[in-house]
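In what follows, structures are represented as structure tokens.
Here chain A shows up in two complexes: once beside chain B, once beside chain C.
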Partner chain A sequence: MLSNIGIGFLILVLILSFLTIYNASLDLKISNQLIKKSIYKLSLFQTTFTILSFFTLIIGFINSDFSLINVYENSHTTKPFFYKIAGTWGNHEGSLLLWVNILVIFSYLFLVFNYNHDKKYRLYTLIFQNILILGFLFFLLLNSNPFNSIYPIPPEGLGLNPILQDPALAIHPPLLYVGFVGCSIYFSAAIASLLSGYGGKLFVQSIKSWVKISWCFQTLGIVVGSIWAYYELGWGGFWFWDPVENASLLPWFAITALMHSLIVLEKRNTLYAWVIILCLLTFILSVTGTFLVRSGILNSVHTFASDPSRGIYILLFLSFMIFLALTVFFKKYKKENYNFNLKSKETFILANNWFMAFFLITVLIGMLYPIFLDVLINVKISVGPPFYNIVIIPLVIPFMILMAIGPKFGWIKSKNKIFLKVLFFILGAGVINLSIFYFFGRYSLLSNLIFIAAVFLILHSLLDFKNFIINKNKLELPRIISHLGFGLLVFFIGINHQFSLEEDFNLKVGEVKKTNTYEINFENINIKDGKNYKAIIGNFKLTNLKNNLFQYLSPEIRIYPNPETLTYEAAIKTKISSDLYLTMSNVSRSEYYNIKFQKKPFMIWIWISALIIALGGFVQLTLKKNEN
Partner chain B sequence: MLTKKVKNRILFLFFVFLISVVAIFFILKSLNKNILYFSSPTEIKEREDIPFGKAMRVGGMVKKGSIIINQQEIQFIVTDFENEILISYSGTVPNLFAEEKGVVAEGSLSDKNFFIADRILAKHDENYMPPEIKEIIEKNAK
Partner chain C sequence: MKISITKIIIFCFVIFSLSVFWRGLKINKNYDTKNLIGSRISNFKLSEINNNEQYISEKNLKKNKYTLINFFASWCAPCRTEHKYLLNLSNTNKEIKIIGLNYKDKKINANNFLNELGNPYDFVGKDIDGKISILFGIYGIPESILINNELIVIKKIIGPIDKAQFNEILKLIQ
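So, the complex of A and B:
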């Protein structure tokens, strides 16, 4: 029943998509500035039906309607209500439906909100967005239909992977999807801009908010994923350079570069071609990431859908998109004149783009190199985190310094006065670094430089913030917040990395382990029944040997019945200055429990700094409204 | 004669080119240093030039009844159904680590029969089999 309703909605969306393209191309020939009412209506209907199809699937999950294969494979009647809903997008088919939803909703919103822009440009955007919608809709219907039915109807579902039953992971996919799929709209808009010749300042104004929205959501999505990895995966780290994490980082680099060069295009009306390339690249990288992850080509911890046929379809569609974009680009490309003075804001913004391009290429090479070797000479390798750390971290130093100085420069050409101040700040940062060095203990030259650069950026941003309070120039505020966030992020990651403690050992119940700074007493275990799992809870008493203060931590081993799966829940005591992190696991039911104990300084500040970066973007979005 | 503008542009392009070359060289060099090769127990036994003490990955199935635990470490045997290797590891194992399941260990060889792991790789999915191991098992099952 639900199966037919869902498929019915999707087919309606498909037909409406064709109608929209047809009507829009007819309307292109009429030379007035008003888009026909019927096109608005078509687009509105299309949005309504897509959302309805998504709700149909959600209802299927809530009611545990196992006549749908997708519900049968990914849900279970005993699952808590919240995770039944979250299960809708916690699998390949459902998440693809969410993907199509965002494509359609953004298409409609873009059409409506840009009413004061050129008609041809808006129509072309609509057409290309609908081509994308068609592409993914066909994929959904033919290959990964969430509404496929099953007969006879099974009495019980297979259950959602317990590791995904987690609040952070429930909101992680929608955030990332708004971020990644949101890029589609300026992919379409970029092609439309080339075709209609609608460039420059007005073009920037039409896509600016969309770039910011997707940037904010990408940033948030990545942070939430990272927080989840920290407390759920049980190794205590938050960034692992796993191929999936890398796949999410690639579009983020591109979009961050885009956000910066948009400013140049708006203010100085140059760099048009580069902005277009970045618009195209961002979405292409988003789809590439999806392709690599979903096809199972990349060996990663996210394995929830690896089916080569999916990969081939996405690859074909991806090639089509790239081909289309490049053809239009080279046909319409006009030569530009670049006249940049070295000491100007635009040069520094370009420098940001260079760095972003470098980071992007590094991560891309690290990601793709193993695939190439495997295909070419059948050698299996993987690229470890040290590669990324060695290549990226040294470059973060000049990057942060430029980040601090850049915004000080004016457009076109500036005076030299700035440099004195810079010198003063570098000295200040050096002093602070030395005091960290003195209080915490020694560390390497590279770390020293990182701390100096980070503190330099933080001081600069704080000074800018002070100036903001005096002169109330709101346009500067988002930049100050995000740059400050980045400085803090690097600073706290540096400290965290440098001064973390980690101990691994095996204990029986009742035993005590002494490390240099802590005594860990494994007091007892008890068993508790959760909503849909059984938990073995270990009770540990941790005594700090320096001041004899003690704390109790209780990590868990959870046993989920459908299908029988174990998860290890870390016990984390978060304080302002540090996190205590304890996990317990058990191998083949022996009497020894496998314990990992970590003390991680300033963990919570890493999350806060990352959220501050995203906050900058949201502040900018609210500013946009006030200006209009 | 070249005008000043053209000269500047040539200089600029030259620098861009130079920086790109240096950057790519730098990336590839550190890439080569930080590659982890994946081997099966049989490959370790048969290859003459296998490096000791260098970071690499070993994968296969955890042999039934081979897991031994004491206060410092976990020891287990990884097999590809032809040869096997003893692995010693101290640290937390991922939740899907069990007898007769696929496993990938990261660490270094101390000799041809003994591997010291720093990390056992975690996977989300209970039905998941790392592609490398799947290949080994398919090959040896014939």
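So, the complex of A and C:
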């Protein structure tokens, strides 16, 4: 029943997509400035039916309708209500439906909100967006249909992978999807802009808010994913340079570069070609990431979604997108003259782009090189954190300093006085930094420089914030917040990296382990029945040997019956100054438990800083309405 | 569209990358160890844990009727539970030689581990950064691989060896 309804809606969307393309192409030839009413209607119907199809699937999950294979494979009657809903996008087919939803919704909103822009440009955008919609819709219907039915209807479902039953992970996919799939709209807009010749300031104004929205959601999505990995996976880290994490970083670098270049294009009407490249690249990288993750070429926590036949389809569509983008771009590309003064804002913004490009290429190479080697000469290597740390960290130092200075400069040309101010702040940052090392008593040149640069950026941003309070120039505020957030992020990661403690050992009940600063007493074990799992809870007493304060931590081992899975829940005591992190895993056929104990200073501040970066973007979104 | 070197390079690069992905889809068996059984071990060379000069290679393995390669580490708790089966195997059976491959471990800890629990191994090799183990598709230890004198893998055990698997090994080498 639901299966037929869902497929019915999707086929309607498909037909409406064809009709939209057809009508929009006809309307292109008519030379008035208004888009036909019928096109708006088609687009509105399309959006309605897509959303309805998604709700159909949600209803399937809520009612545990196991006649749908997708529900049967990913849900279970005993699952909490919240996770039943989250289960809708916690699997490949459902998440692809969400993907199509975002494509369609963005397509409609872009059409409606840009009513004051050029007709041809809007129609072309609509056409290309619908080509993307068609591509993914065919993929959905032919290869990954969430509405496939099963008969006889099974009495019980298989359950959602327990590590996905986590609030952070329930919202992680929708956030990332709005971020990544949202890029599609300015991919289409960029092609439309090339074809219709609608460039410059007006083009920027039409895509600006979409870039910001997708940037905000990408940033949030990445942070939430990282929080999930920290609390759920039990590895005690927050960023692993795992290929999948990298896949999410690539479009983020491109979009961050794009956000900055847009400012230059809007103010100085230059860098048009570069902006177009970034628009195209952001979505292409998003789809490449999806391809790498979903096809199973990369192995990671996301392999729940891997299947080579999907890979072939996404790869074909990706190739189509890339060749379409390249052909249109080269056909329409006109050479531009750049004339930038060294001491101007635009030069610094360009510098941002160079750094972003560098980070992007580094991560891209680190990610693709092992795949290429494996495929071409059958050599297996893995590129891990050391590579990224060596290549990226030193470059973060000048990056942060430029990030602090850049906004101080005016457009076109500025005075020398600014340089003196800058010097003063580098000195200030240096003094604070040295005092930190005086108190903590460790020294390494690279981390010292990182701290100087981070403190420099933080101080600068705070100073800008003071200026903002005085002159109330609201346009500056988002930038100040995000730059401040980045400075804090690097600063706290640096401290966290330098001063973390980690111990790994085996204990049985009743034993005590002493480290340099802590005494860990494994007191006892209880067994608890959760809603849909059983848990073995270890009770540990941790005594800080320095001040004799103690606290209790209780990591868990959870046993989920459907599908039978063990998960390890870390016990984490979060305080403002540091996190205590304890995980316990069973050692099969022995009474010993493997214990991992970590003390991580300022952990919570890493999340807060990352959220501050995203906050900057959201502030900008709210500003837009008031300022224009 | 005018043709220029840049354009050609970009197109070539894109086509190259996409075709690598295409091939990658077909041959990707990175972590798939199902096909390990029946395959032949090649490029095998292992340095002794305490003595870099001393090493073991395919030639040595060919002399043994059966060889069990056991991946272990001192930090690995399940390795302790399977140790008694390894000791039993090495004491009672002359047909089989056991090679220990010390995975991502410190020399001193590994030696303490063997002193404490006994040494079932005819040779202990080291794999400090875990690279050799990758060749065998090892993703978590303990794991063990049983090969015959033609260097063909006949069994792979993921996780600690237990009674049932111990008996199965005995059956295989009869």
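As a convention for this text, the second predicted complex is superposed on the first by the 627 of 628 C-alpha atoms of A that agree within 3 Å, B and C clash if a C-alpha of one lies under 4 Å from a C-alpha of the other, contacts with A are read in each partner's own complex, and residues count from 1 in each chain.
The rule we apply is simple: a residue touches a chain if its C-beta (ideal position, glycine included) is under 8 Å from a C-beta of that chain, and two chains touch if they have at least 3 such contacts.
Just so it is clear, the model here is predicted, and its values are computed rather than measured.
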Quiz item: Mind checking chain B and chain C on superposed chain A, clash or fit?
Solution: clash
Practice problem: Kindly classify A:F372 by the partners it touches after superposition: chain B alone (first), chain C alone (second), both, or neither? | Solution: second
Practice problem: For A:L2, decide between first (touching chain B), second (touching chain C), both and neither. | Solution: neither
Practice problem: Figure out whether A:K380 sits in contact with chain B (first) or chain C (second), or with both, or with neither. | Solution: both
Exercise. Classify the contacts of A:K331 with the two partner chains as first (chain B alone), second (chain C alone), both, or neither.
Key: second
Quiz item: Touching A:T567, do we find chain B (first), chain C (second), both, or neither?
Solution: first
Quiz item: Touching A:Y592, do we find chain B (first), chain C (second), both, or neither?
Solution: both
Quiz prompt | chain B or chain C, by number of chain A residues touched | solution = B
Quiz item: Touching A:I312, do we find chain B (first), chain C (second), both, or neither?
Solution: second
Self-check item: Touching partner for A:N506 - first (chain B), second (chain C), both, neither
Solution: both
Quiz prompt | Intersection of the chain A residues that touch chain B with those that touch chain C | solution = 296, 299, 380, 382, 504, 506, 587-588, 590, 592, 594
Quiz item: Of all residues in chain A, which touch chain B in the complex?
Solution: 161, 163-164, 233-235, 296, 299, 301-304, 358, 361-362, 365-366, 369, 379-384, 386-387, 390-391, 504-507, 511, 563, 565-568, 583, 585, 587-588, 590, 592, 594-596
Exercise. Quick one: which bits of chain B touch chain A in the complex? Just the residue numbers, please.
Key: 23-24, 26-28, 30-31, 33-38, 55, 57, 67, 69-74, 90-99, 106, 122-126, 128, 130-132
Practice problem: Quick one: which bits of chain C touch chain A in the complex? Just the residue numbers, please. | Solution: 1, 7, 10-11, 14, 17-18, 20-28, 30-31, 75, 77-78, 80-81, 134-135, 159-160, 162
Practice problem: Show which residues of chain A lie in contact with chain C when the two form their complex. | Solution: 291, 295-297, 299, 308, 311-312, 315, 318-319, 322-323, 326-327, 330-331, 368, 371-372, 374-376, 380, 382, 504, 506, 587-590, 592, 594
